[in-house]
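Mind having a look at this structure? Questions to follow.
Going by the order they are written in, the chains are A, B, C and D; count residues from 1 in each one.
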Amino acid sequence: MSIEHRHAREYVDRLLRTHGLDELTRRLEPKLENPSPKVPRGSRPTPEGLEHRWQLLNVRPESRKALADPQTVLHMEAYQHNIENLIGSVKLPVGLAGPLRVNGLFAQGDYYLPLATTEAALVASYDRGARLISEAGGCTAMLVSEGISRAPGFAFANLKEVGLFLLWALSHIEEFRLAAEATSRHGKLVNMRVTVEGNHVYLNFEFTTGDACGQNMVTIATDAICAYITAHTPVRPQYFFLEGNLSGDKKASVQSFLSVRGKKVTAEVTLPGFLVERHLHTTPEHMVDCWRMSAVGGVLSGTVGIQGHYANGLAALYIACGQDVACVAESAVGVTRLEVTPHGELYAAVTLPNLTVGTVGGGTGLPSQHVCLDILGLAGPGNAAALAEVCAGLCLSGELSIIGALCAGDFARAHRCLARGKASPKNSEEAACDQSLATLPA
Amino acid sequence: MSIEHRHAREYVDRLLRTHGLDELTRRLEPKLENPSPKVPRGSRPTPEGLEHRWQLLNVRPESRKALADPQTVLHMEAYQHNIENLIGSVKLPVGLAGPLRVNGLFAQGDYYLPLATTEAALVASYDRGARLISEAGGCTAMLVSEGISRAPGFAFANLKEVGLFLLWALSHIEEFRLAAEATSRHGKLVNMRVTVEGNHVYLNFEFTTGDACGQNMVTIATDAICAYITAHTPVRPQYFFLEGNLSGDKKASVQSFLSVRGKKVTAEVTLPGFLVERHLHTTPEHMVDCWRMSAVGGVLSGTVGIQGHYANGLAALYIACGQDVACVAESAVGVTRLEVTPHGELYAAVTLPNLTVGTVGGGTGLPSQHVCLDILGLAGPGNAAALAEVCAGLCLSGELSIIGALCAGDFARAHRCLARGKASPKNSEEAACDQSLATLPA
Amino acid sequence: MSIEHRHAREYVDRLLRTHGLDELTRRLEPKLENPSPKVPRGSRPTPEGLEHRWQLLNVRPESRKALADPQTVLHMEAYQHNIENLIGSVKLPVGLAGPLRVNGLFAQGDYYLPLATTEAALVASYDRGARLISEAGGCTAMLVSEGISRAPGFAFANLKEVGLFLLWALSHIEEFRLAAEATSRHGKLVNMRVTVEGNHVYLNFEFTTGDACGQNMVTIATDAICAYITAHTPVRPQYFFLEGNLSGDKKASVQSFLSVRGKKVTAEVTLPGFLVERHLHTTPEHMVDCWRMSAVGGVLSGTVGIQGHYANGLAALYIACGQDVACVAESAVGVTRLEVTPHGELYAAVTLPNLTVGTVGGGTGLPSQHVCLDILGLAGPGNAAALAEVCAGLCLSGELSIIGALCAGDFARAHRCLARGKASPKNSEEAACDQSLATLPA
Amino acid sequence: MSIEHRHAREYVDRLLRTHGLDELTRRLEPKLENPSPKVPRGSRPTPEGLEHRWQLLNVRPESRKALADPQTVLHMEAYQHNIENLIGSVKLPVGLAGPLRVNGLFAQGDYYLPLATTEAALVASYDRGARLISEAGGCTAMLVSEGISRAPGFAFANLKEVGLFLLWALSHIEEFRLAAEATSRHGKLVNMRVTVEGNHVYLNFEFTTGDACGQNMVTIATDAICAYITAHTPVRPQYFFLEGNLSGDKKASVQSFLSVRGKKVTAEVTLPGFLVERHLHTTPEHMVDCWRMSAVGGVLSGTVGIQGHYANGLAALYIACGQDVACVAESAVGVTRLEVTPHGELYAAVTLPNLTVGTVGGGTGLPSQHVCLDILGLAGPGNAAALAEVCAGLCLSGELSIIGALCAGDFARAHRCLARGKASPKNSEEAACDQSLATLPA
């Protein structure tokens, strides 16, 4: 939040000119009067609930229909375990990219990628990256590890009690496992890590969760472990919390690289120079120049990992496929690496340590989301590992396309064309855009 | 991607048992045969394009309708500048939370919050946080600074040429400004920062972009600056890229705290103990215990900033309101701070250095998204600053609710109830869930 | 390296005024003429070598004596395995602080701390912190874990070969252990971690190394493992390096918190309010205010961990006691936490995940360094764990003292007094300084 | 501090076997009895003070002489403003490396580098890097920016008061400057940055400090500003601290790259392949392979910047030259970059954003330290900028040497030879070591 004093001053002056000091200070004060009515609560979607909520809102009836359209209203029961206080649904356009050929330990074959976004050029960019990869025989992808964690934190009076607690906890892991696994058929406790910070102890419980992403599953399982602990520990903590913010849930963390959290996947492709030239209009050498400068740029700005825009592809696929979109914050980290091989080809790899994807549970069963998983051929049990490998291939597509666009000078043109075409008076411009889709980055 | 050798070994053994070594190695090899047909491209949505794309996909007709429903097909033109290769739309349920009273420099009044998510308990949790804040007179919110940047990178032969280039560039900022501002009515170049790393120079161009989030705007403006530079510089770079990955675009970075990137907002509320007790069933002191342990937990895991789950609220609001959802990766960082005041109240603040929100452009004009902005009363020009302040208030709601739930032991129960209710055999369970909405975290 | 354009411009203008553009560009050019004579090399210190090196240097004979004093010259053989190209020794003043009472798993009793520094106020500050702790019954300290690592990196042709290599490596850990342990009596291979990033594999080998810090030991042991690997692996890497920069050697890294690297120690003390008042002239509550603001300050600036000035105490003790001073870069990270207990006392803890200390090997046997370890009572085998616990107690002393000084407003005064006393015209100032030693921070 | 449960368990078992539970818990308890005598305090070194302190210590008279040698005792007054509670001096051996030719904006010519260390191979390694650079015409070095900061933090009742305070502060910078500059001839206030986090405000005051490193100077100057603020602000803070831990003092921080802190220097060299082969026994291409893997390794482990071992060279030079060695924690960050030029040469650059060096003040005037600065030709006023450029060249030497050693497989051999030679039975081994000095890394 560090701001140059000149900028701050200009901003303050602008504010004062617009509103005056008295008005500004008045605005910032708490105001206890005139409470607006509360949103009627309801975990089960009903027409009455919907009606009551819309009555609160000052919008025109036509507007209401954009959210509470007949189809949504008709099937509102479908959303019962995914939302509270339902008022309708928001529609995000879905574009198709691909095919993306993935040669994974789990994902095998050509995937058409459903991507939901409102950002022009995104689908076009991933599409050209995917085609390029496929033309080279596909990307190789490897799920390297998987798991998901919860990290309750316990506060003791002092280090002596910490020691006694650890002595006990380290010899009761089997009991913790039993307690945890009584809550779920799919969740398995596979490891426990211990962190001591003064009189605080964090226990990192690491689980596998089958084909579900599993955050709820591990929350409930860890709750059961905590219940066991509080019932049996010989040393009572002063207090404890089910999560001590050491699991990395919903945030980018270096820990992703170093510990269990989501699915860890790496994907690679080797591209002959002529394919780079044909699809991206540049050379392997120049792609590596761009990668090098971008890698250092990431380091200088203090990012977690070094990559270009994993978030674009992941957010679009997560939305389309009913994943937990907030997890993009933790999933969109990793390392992109490009180099020229001794034979003059382009070697490109992406490594994502923290993909939180599943093919059952969460939003995966909702009508339109389920269809998107179906388009991938990955709906339902048995597919989560493959979905993670496809995600890595998707990110690889995006990195190749954006670096290619930066190299060939297409980056700005693509956005100008696709996002601003609306204002263009001439058909020819649109045609040019359409035609130039082949060269478009996100 | 660091993995314990025991874990790695178990995983390898499991793989070998399932597939055998030959099969596994075969899977990983590039495969050049049998290309699947490519997705027919199109930047302009047409019924024919839709039809061609669906013909590729191996899904049942009923499935197709879940994406390509009549309403989406009827209004497909609306998506023209937001997507390519359209096949339909995905529907995310929207729940309503609030009201949230915000006493901001820009946001003033009570806001009903449309949140799009598929994660049970999320809306309920933000709802109770918002109500709590409102009952205390609202949160105070302050936009502290705003801007958005692009950072082209230039490679020179050596440091001597770097020096000569900088000498020139530092005296041509006015020309850069003119070039940039010729591309847009709303984008203003407000600053330039210089980074030297060996023979590489990054120029960080910082803009204001009116009520648009502005990423496209600054891309196009910076492209114009680069055109000016390459046409006029007395020292030619060996090569340059429009973005050197030093702008923080689409990723969490420490730079967010220290430089211009998005809207910087801080929001606070002071809650009397009785309100904490009534809404969250705990005390200010215990909330601070939880904050302290969580803050240290975040630090130990190497996160950017220290916070709980900004990503949950931001992703839900960004999706509902047509924001660039991939930007959640950069927006969901910041600092949450709780303390007990000398009078025994709970003081809570959130600080978000990188909100990339707008009320014009991007997806803000799409039918259902526009309605969500309308529900907030923030559609169209003049509202972006207020939207940013509402986002901060939203995050504050979520932090209070989740910390409260961790303190009161409600965290797991809420998820069990709302996400797993489906499996419950008894109505009574559901009733309990509904009734317990008042105590639910995300 | 990001610089505001105004600053950069002012700097450039200043340069041009002083030197002119031609002179400046000439300065930056490589210059091939007139090589100066090379330093005569020698790994074994001899009078002749010393003489030859001094003859190169353009310094007065008196100056020479400041480095090549009779005592150093007489015992130069002592430095044989600690330096090359010897020209003498630099003398750092050593001050004594304490006693510091440590109630550790290993350290037990009262320690006088020899601290080598040239920064005024440092010894005084640690001294008062140590006294305060001792008066409260000492700090409790707990070595939680120990180990040291090397991380060779292997590059393969592709992911398929990575997989085959891992398959082999994961089943040859016993062989790696044997190869490693043949090189050392004290080094034990205790774990291996695996990291895959595209076609690169890093193997993190974790060792215990007895009472030595052990960096050389693990380098040599890992070299032996690499020799075994290259001789026996069924899949040859394209190349490999003995260290892939994933061990955290000589640098601050988040990995310190999450993986084996050095000795992990935590130390705590609970201080009654009257002792805080007597020694630090402030209150537990205000100390916590300062900690809270400092913790957030650390987070906002993107530090690894959150602490005040561990580096001051560690550098001073490392220099005095013959430790590897460059390791201060990795050791001076951690977490300081202060809180007020329910009884109104101050609870303070420090947690250091990466102390690289030993009591044998390195510089620990050099004459003056050995005496400093002797002063601690920790010279020689059997003492490394205790030394690590003393280091944590030392850091705790420093954190209490500096936070106390910031709270009481003593911070600047102390530095003014002790560092600038020289310029003071009046004896009274000096007396005041001496008298005020009781209130001095670093 | 995260530890695998198996490791933790083994460690606990080992502890219990050695000591038993009762003994261990007893050890951890505070002990109020038997206080050891306190160290007699004294900011002015006197024979009596020395004597009193040694009487406390349980060491033999011969030991005492190793610290309190005649030369140190004779000149103890020299240490008056650099230490308290003096007991003698520790002697670190100094080796000479070079010459290092530096073509800087400030440093010009060939520098012999005095390096104080107790780690074998360090001097030899920097020496060969320096020679290599010099043979190629020297490195080009460029001081890009300089400054040093203090960041007091102010706590207000709420955001409204924060706003009013900022309104005032932003229009009183000139007054702050006058207050600051009244305390020092050399310190100049050049900028102020503002950070708002809830009801906390940090003001980052950035100074230039002539040829002093300047930490004390800016502490005292900022103290004067704070005095002005507290005397004149229309809105009183609830409390404030002279440093809010946002200046990056004594710790690695990403902020170093993005804000004013110390001297920012970049240095580069271009090496023909034959020189790389002659000195390092490898090729430019392989050096780049090693760099790439090391850069990614650094990123994966969560370091600040990406580099190899800046800390080694900086600690050795800082100790020798009377710099603040604790600052190695903040100085030893940066970016190393290697690439192969289109002509097949090796391009190498280092970038250090945070060198805290000075040629006056601190320990620079102490007898042996002053001589080391003299050896560099950089003692006294007018030389700090040149010293910073030499530091960058030194780090560049070290990076080239260590990467070369990793490439040629010399890394372990060098350490085995130089650090373990003592145990070698044969002269021939020693001769081999001496002879192999040409190929030695740190």
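Keep in mind that, in the parts below, contacts are C-beta pairs under 8 Å (C-beta built on N, C-alpha and C of every residue); 3 or more make two chains touch, one makes a residue touch a chain.
Fair warning: this is a prediction, and the values are worked out from it, not measured in the lab.
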Lowest number of touching-chain links that must be crossed from subunit A to subunit D: 1
B-C or C-D, whichever has more C-beta pairs in contact: C-D
Centre-of-Cα separation between subunit D and subunit C, whole angstrom: 10
Inter-chain centre distance, subunit B versus subunit D - centres from mean C-alpha coordinates, in Å: 38
Euclidean distance of C-alpha centroids - subunit B vs subunit C, Å: 39
Junction residues of subunit C - those touching two or more other chains: 1-4, 8, 24, 28-29, 140, 142, 144, 158-160, 163, 191, 195-197, 200, 246, 254-255, 257-259, 264, 266, 270, 295-296, 298, 300-302, 304, 306, 335, 337, 351
List of subunit B residues in touch with subunit C within their complex: 1-5, 8-9, 12, 16, 21, 24-25, 28-29, 158-160, 163-164, 166-167, 170-171, 173, 191-197, 204, 254, 257-259, 292, 295-296, 298-302, 304-306, 335, 337, 339
In the complex with subunit B, residue positions of subunit D that touch it: 1-2, 4, 140-142, 144, 158-160, 162-163, 195-200, 254-255, 257-259, 264, 266, 268, 270, 300, 302, 335, 337, 347, 349-351
